[in-house]
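Before I ask anything, here is the structure I am working with.
In this document, chain identifiers A, B, C and D correspond to the written order of the chains, with residue numbering beginning at 1 in each.
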Amino acid sequence: MNQQQVCQQIADFWTNKMPFNQLLGLKITQFDRTKSEVRFLWQKQLIGNPLQNILHGGVTAAALDLVGGVVAAANIIDNLDDLSEKNIQKSLGKLGTIDLRTDFLRPGRGEEFIATACIIRSGNKVAVARMEMHNEKGEHIAFGTGTYMVG
Amino acid sequence: MNQQQVCQQIADFWTNKMPFNQLLGLKITQFDRTKSEVRFLWQKQLIGNPLQNILHGGVTAAALDLVGGVVAAANIIDNLDDLSEKNIQKSLGKLGTIDLRTDFLRPGRGEEFIATACIIRSGNKVAVARMEMHNEKGEHIAFGTGTYMVG
Amino acid sequence: MNQQQVCQQIADFWTNKMPFNQLLGLKITQFDRTKSEVRFLWQKQLIGNPLQNILHGGVTAAALDLVGGVVAAANIIDNLDDLSEKNIQKSLGKLGTIDLRTDFLRPGRGEEFIATACIIRSGNKVAVARMEMHNEKGEHIAFGTGTYMVG
Amino acid sequence: MNQQQVCQQIADFWTNKMPFNQLLGLKITQFDRTKSEVRFLWQKQLIGNPLQNILHGGVTAAALDLVGGVVAAANIIDNLDDLSEKNIQKSLGKLGTIDLRTDFLRPGRGEEFIATACIIRSGNKVAVARMEMHNEKGEHIAFGTGTYMVG
């Protein structure tokens, strides 16, 4: 497999085999070293405030954490010479979120939510990503910054 | 109703009527101005990493966001003279998370998770809470800091 | 005075009369509601690591905190109808940093450092700004996110 | 030299030979793997708000960044078998702040300020510290959380 195929396979695995991503309906729609994207649809079960019908803050944090982890993973893959399954598993096994800041800008209302991430610090041990979440109208719902262990 | 009854009623409402708290099984077990507590049990659907069987970072962030919001809400209630339902709804309607930092210390493994929060900055507009999450063995899973709009 | 003159006057005051800004040589070079800018020159006394000759993290945090506060102040001024000195002082007297996240991306090396900020959440009580710091070669030194009390 | 002597020597070096620590008067008064302490006295040149006579946020951030770095350094030293100068320099050369969150709780007023730190995540690549700053009356001025590269 080439890198693009590897990335597609991981995107499918994380979308379809990670129980919590499935529970929330988080779908990885872009898995690239320069930019990643995660999308999910509004569902009643994601409501955190029943009086106002807005997303729970934990849903937003989950989407931002995932999309930042995806762009970090794409950078790990991009630096691998050996694309064997064993080496990919070993390398991604080191991936983990160290810390995550979420800035809630506007109430989480909309029909679809789009979270994107890009890398602002790339190292062989630690990577830092900046994330954003908008709704389908382009309204800016949240910002995030995440520090990830990558090696 | 006195303040204690009001707090109990809100705790029940947030535990039983907030769809996302129910989806995750988050239960408010202490609703007090000095300290709040949220508990939830391990469930397979909360897994974020199927190879390692650990909680999704978004679950941890959701629990920390909730428990910080609970202690902030308890401080709002504590400052109210008028405990009518209308005034309580109006006051709690202003509550919202501005930003949340989550520090992931150890892999999220365990049978039960206990998140606690206390207030470190108390104002009539903004409150800041510090949160912790342990598992049933007392292992420290995560720290958090949250800034909340309260007025 | 019109708004532009008021902003210029505050920029001069903060640059020349705030002892710590003077100590570090922080100069406000743009004071605008859409974007603010702070510049300072390399000085030996700003060194935090004598073996590597790089800026102390506190210098970077100070520049980011200031430039975020400037854009928050410009938004406060922009919303004022009454531009009397008394009203400006009263309004800016409420300005304060609630929390600040600094992400250190590269070692702080260079001859001049340029910090910029824009507002990502604008409210009548709380504003959130995102900041960046580059050196004169355009190398990205740091990112920041700050939450400010504005009313 | 034994570990205690090494720590004392580094504390002296960082207090006396780091230009920015000297400029601010930051003194390392405890250099220990379980807890570190930094103290500094009020000085007019540290003022960030001349109308209110309070510390600049950058001063607080600098003290928190330093005290967190000290406890991280003490943990690095504690894990070394080879206490030769060359090995210590090599090991401490990897130390760097990745990100820092500062929560400003109260106006920075007082005669002396005491910042303390303890480690909440200890790894061979990344460490996370939580910091606090009080004044001489025990008033709580600020909290901090810092993520440090340590290997």
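Methods note: contacts are C-beta pairs under 8 Å (C-beta built on N, C-alpha and C of every residue); 3 or more make two chains touch, one makes a residue touch a chain.
Since this is a predicted model, take the numbers as computed values, not measurements.
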{"item": "Degree value of the rotation bringing chain B onto chain C, based on Cα positions, nearest 5", "value": "180"}
{"item": "Pair joined by more contacting C-beta pairs (A-D or C-D)", "value": "C-D"}
{"item": "Whole-Å gap between the CA centroids of chain A and chain D", "value": "33"}
{"item": "Separation of mean Cα positions, chain D and chain C [Å, integer]", "value": "23"}
{"item": "Chain D: positions in contact with at least two other chains", "value": "98-99, 101, 103, 121, 128, 145, 147"}
{"item": "For the chain B and chain A complex, residues of the former touching the latter", "value": "17-24, 44-52, 55-59, 61-63, 65-66, 69, 89, 93, 96-104, 107"}
{"item": "Complex contacts: residues of chain A adjacent to chain D", "value": "98-99, 101, 121, 125-126, 128, 145, 147, 149, 151"}
{"item": "Chain B partner contacts - residues on chain D that touch it in the complex", "value": "101, 103, 105-106, 120-121, 128, 130, 140, 143, 145, 147"}
